[in-house]
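Below are structures written as structure tokens.
You will see two complexes here that share subunit A, one where it goes with subunit B and one where it goes with subunit C.
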Partner chain A sequence: MATKIINKTVTELSLRITRCFFVPSKAIQTNAALFQERSETSITNVEEQLLPTIRPPLPIIYSRKLAFPPKFKAVRQAWVSNMDTVEEEKLGLIDLHPEVFAERPRVDIIHENVRWQQLYRHVSYANTKVRYEVRGGGRKPRPQKGSGRSRHGSIRSPIWRGGGIVHGPRSPTPYFYMLSFNARLNGLRSTLSAKLAQDDLHIVDSLDIPTDDPSYLEKLVEERGWGPAVLFVDDNDIMPLNITAASDVHGHYNLMPVYGLNVHSMLKHHTLVLTLAAVERIEERLLFHLNRNDAAEAGRKHRLDSL
Partner chain B sequence: MVSTLGMALRYRPLTGVSSKVSKANALFNPEWTTVRFRYHADKVAKGPVPRRHGYEEKLFQGGLLPRTAFPDRALPIPTYKPKNSWNEKRALFGQNDYIDILGPSNEISQKPLHPTQLLYHVPPWLRGVQGNEYQVLLRRRKFVQKKGYALGHPTKWATLNTRIKKLYRYLNHKTKSPFWKDA
Partner chain C sequence: MASAAARSFVFRQHINTCRLDFASCLNIKSFYSSYSANPKEKSPEHYTQYHEVSSDNWKFVERLKPPTVVPSFPKNGSYFSDWTPPPDTPPNLPYFVKRTKNFMVPVYLNFEAIRNQRKITMVKHIEGDIWAMEKDIKSHLEEVTKRPVVSQVHEVGMYIKFRGDYALHVKKWLLNAGF
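Showing the complex of A and B:
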């Protein structure tokens, strides 16, 4: 059972590459020393009372340093909640970079991104046989003249029933194309901004939940009004055991690492829940690409067999 | 009916004639004239005038439904099973498509990745390929040649080569070059 759960969240990619990143703890100011250490083992018996979470005085998280400080846009702020209890407890308020989370949402770019995601991996295997591929049809059915009937050269010509198809589908037909780097970058920014603006984006400190009972997650989501489908995004691709087990039952609660985030998934799931680490990583990546000085190289058209 | 046209040319006296007027007199008789007594408007007023005379409507207009030989059972129809929108494939569709943006870029420990490298369910020679049938077939031939395709699949190898030849001839002799529209 353990392997089955792990396979759900750990992609092939993660088996090949090591941990994606390490969050520098200096970026987030926390009263870490005041945290009470809690045991990592899960409590499977639901009837047992949950350990009361003892917290230091709030706010725990109260500031965050933004890379590439914004010059022309106001900084956005968001609450940081917890996952320890069903009821929401706001642990603090953090700043979000407006270039990532407050970009004017471009619906046309979002549409382009979704269309690209749906099409670029699509291969049509529909196939029809041409006249010389259809079995038979090598002999002239009847002499050219004399029979009084129409003249034909082959019983598999396209005008015959059972004959070849002239301009039909030819397998395999790829529908691959690459959307430009900046279109995809702006798609991510637009979608994240739209999610924040529509109150569908929530930030939590971490994905550690006290039990692996699926009903805990259901109650939590119901209590907070977090939409039927929730996408939990963390920086690491190996998620805590409890939330993995709890979300395994439901198909509409999904866990994803930051490198797996995409426009289609963000739109498919009603609510997007990011951990602090995920927010750090997303901002770092997007701002890096927005402010790099070799952007021309990144934005270059992808050449086949160049990797 | 025997034509009485010839008889019409003969003069008939007005008196002493029987009440039945012959067909010949019906052609022209100054004593009487035809009067319209049937109007299309009256027919329309009675009810809708049928159109498409002779046309047989194939769709069910009402009345008894056809009956089957087995009155107790319903007609066979496949059971409807709604698709699961949240199975693993559909729920995580699109994951890792932005790996070149959100994944590692030129870090020392990890190489940057491109979404074309993650197309595991696409044939290896077709990953990241954009082209028409001719271009796709040429690439397939290049890849497949090395793996002894000619020995393992002789008919398909022959079909592949034939198709390439035919497409070459068609595209180069029968169609205009794609650059013509820019000229």
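Showing the complex of A and C:
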């Protein structure tokens, strides 16, 4: 019976986790022991597994150094919460750079980004036949002169019923284009600012949760009033095992590394949860791109009119 | 039929055990692009010798490389061009014009319309009350040029456009205002 449970969970996890890989927690080294632990937690009760979290006196996180310190714009501040308990515990208050998180949200640029994300990978497979592709139509239907009727060269010309289509869709038609560098950069800034302004951005210290039970995440999100869909963003692309297993069951809790952050995903999920490491990385990257002079190099390889 | 059922049960069990074995011998491989990861690689003594000349000379290479991020300007106070650094305190106005990343005043002369016939002066990076700013600059330009000035206020993009080549006037006005 224990074997069956192990196999079911392993195959499910291995099939469904495509973008995030899980590693054993620090105490466990071998994969066999990993699967053993997984079966134990799924059988036993959730409440028994959760031990009371012992924390040093708060606030734990209370300062952050901002790169390119803003001169005249007010620094924004945000709470740092925990993921150890279902109830929210505020671990500290950190500064957020206004150029990244307090930019005037440009709705038109956000729209451009969403449109680009949806369209750049779209390929239209609609197809119509041109006159030479339609079956038949090689012979002149009647002689040029003498019949008293109009002259024609083929029965599949576009003016004929059943003839070829002149400017119809031709499969496959790609709709690939690259949005300009600054449009993509400002899209991220606008969306992050909008999320923070609308109270949909939350910062946590890390994504370590005490159990891999999916109901823990449900209760946590319900308790804190986070939206139905939550996007967890961390700097690393190898996420802790517990949150990977817990969110794997739910399609609306998604894990994402910082390099996968995009406007469409941020808008699709109601709540955006960033780890401290993710905030550092995002700020460092966006501020670097805002203060570099060779941004044209970044978009050079995607120019369509050159090889 | 009983034997077929028994066989299928055994077969299923066999598959389950196979899956467990396969899963338990999964290794997360890491492919590092380094020659030293190759088992055929020998220790460095087997290969060509080299000796370090000087690591101090690297600074001559580094100073040729362009900086990745715009460096800050020298604050000594004397600049040979007519560029002035951005002030430390913002002026007491309901609007603000931020300098570009190269610490330049964001006034641009664009050519629009077919055959570049229309000269448009554009002021970007405006924050605050854009209409008040447009009124102030427009009145100043009309005073200077003694001619009506046509302008466009773009509230979403937060820029102002003036029809005509007033780039130098606008720049001077902004520097005098303290931006």
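As a working rule, the second predicted complex is superposed on the first by the 238 of 307 C-alpha atoms of A that agree within 3 Å, B and C clash if a C-alpha of one lies under 4 Å from a C-alpha of the other, contacts with A are read in each partner's own complex, and residues count from 1 in each chain.
Basically, a residue touches a chain if its C-beta (ideal position, glycine included) is under 8 Å from a C-beta of that chain, and two chains touch if they have at least 3 such contacts.
As the structure is a prediction and not an experimental result, all values here were calculated from the model.
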Which chain, subunit B or subunit C, is in touch with more residues of subunit A?
B
On the A-aligned overlay, A:W79 touches which partner chain: subunit B = first, subunit C = second, or both, or neither?
neither
Touching partner for A:R106 - first (subunit B), second (subunit C), both, neither
second
Is A:E133 touching the first partner subunit B, the second partner subunit C, both, or neither of them?
first
Considering only touches as defined above, state whether A:Y62 meets subunit B (first), subunit C (second), both or neither.
neither
Contact-wise, after the overlay, does A:Y259 reach subunit B, subunit C, both or neither (first, second, both, neither)?
first
Touching partner for A:R184 - first (subunit B), second (subunit C), both, neither:
first
Look at A:F288 in the shared chain and tell me whether it touches subunit B only, subunit C only, both, or neither; answer first, second, both or neither.
both
Check subunit A for residues that touch subunit B in one structure and subunit C in the other, and list them.
11, 21, 288
Can you list the residues on subunit C that touch subunit A in the complex?
16-17, 19-20, 23-26, 28, 66, 68-70, 86, 88, 90, 96, 101-102, 127, 156-158
Which residues of subunit A touch subunit B in the complex?
8, 11-13, 17-18, 20-21, 117, 120-121, 123, 130, 132-133, 170, 172-174, 176-178, 181, 184-185, 188, 229, 250-252, 254, 256, 258-265, 268, 281-282, 285-286, 288-289, 298, 302, 304, 307
In their shared complex, at which residues does subunit A touch subunit C?
3-4, 6-7, 10-11, 14, 21, 23, 31-32, 35, 71-72, 104, 106-108, 288, 290-294
Interfacial residue positions of subunit B with respect to subunit A in the complex
84-88, 91-105, 109-110, 113-123, 126, 128-131, 133, 136, 159, 162-163, 166
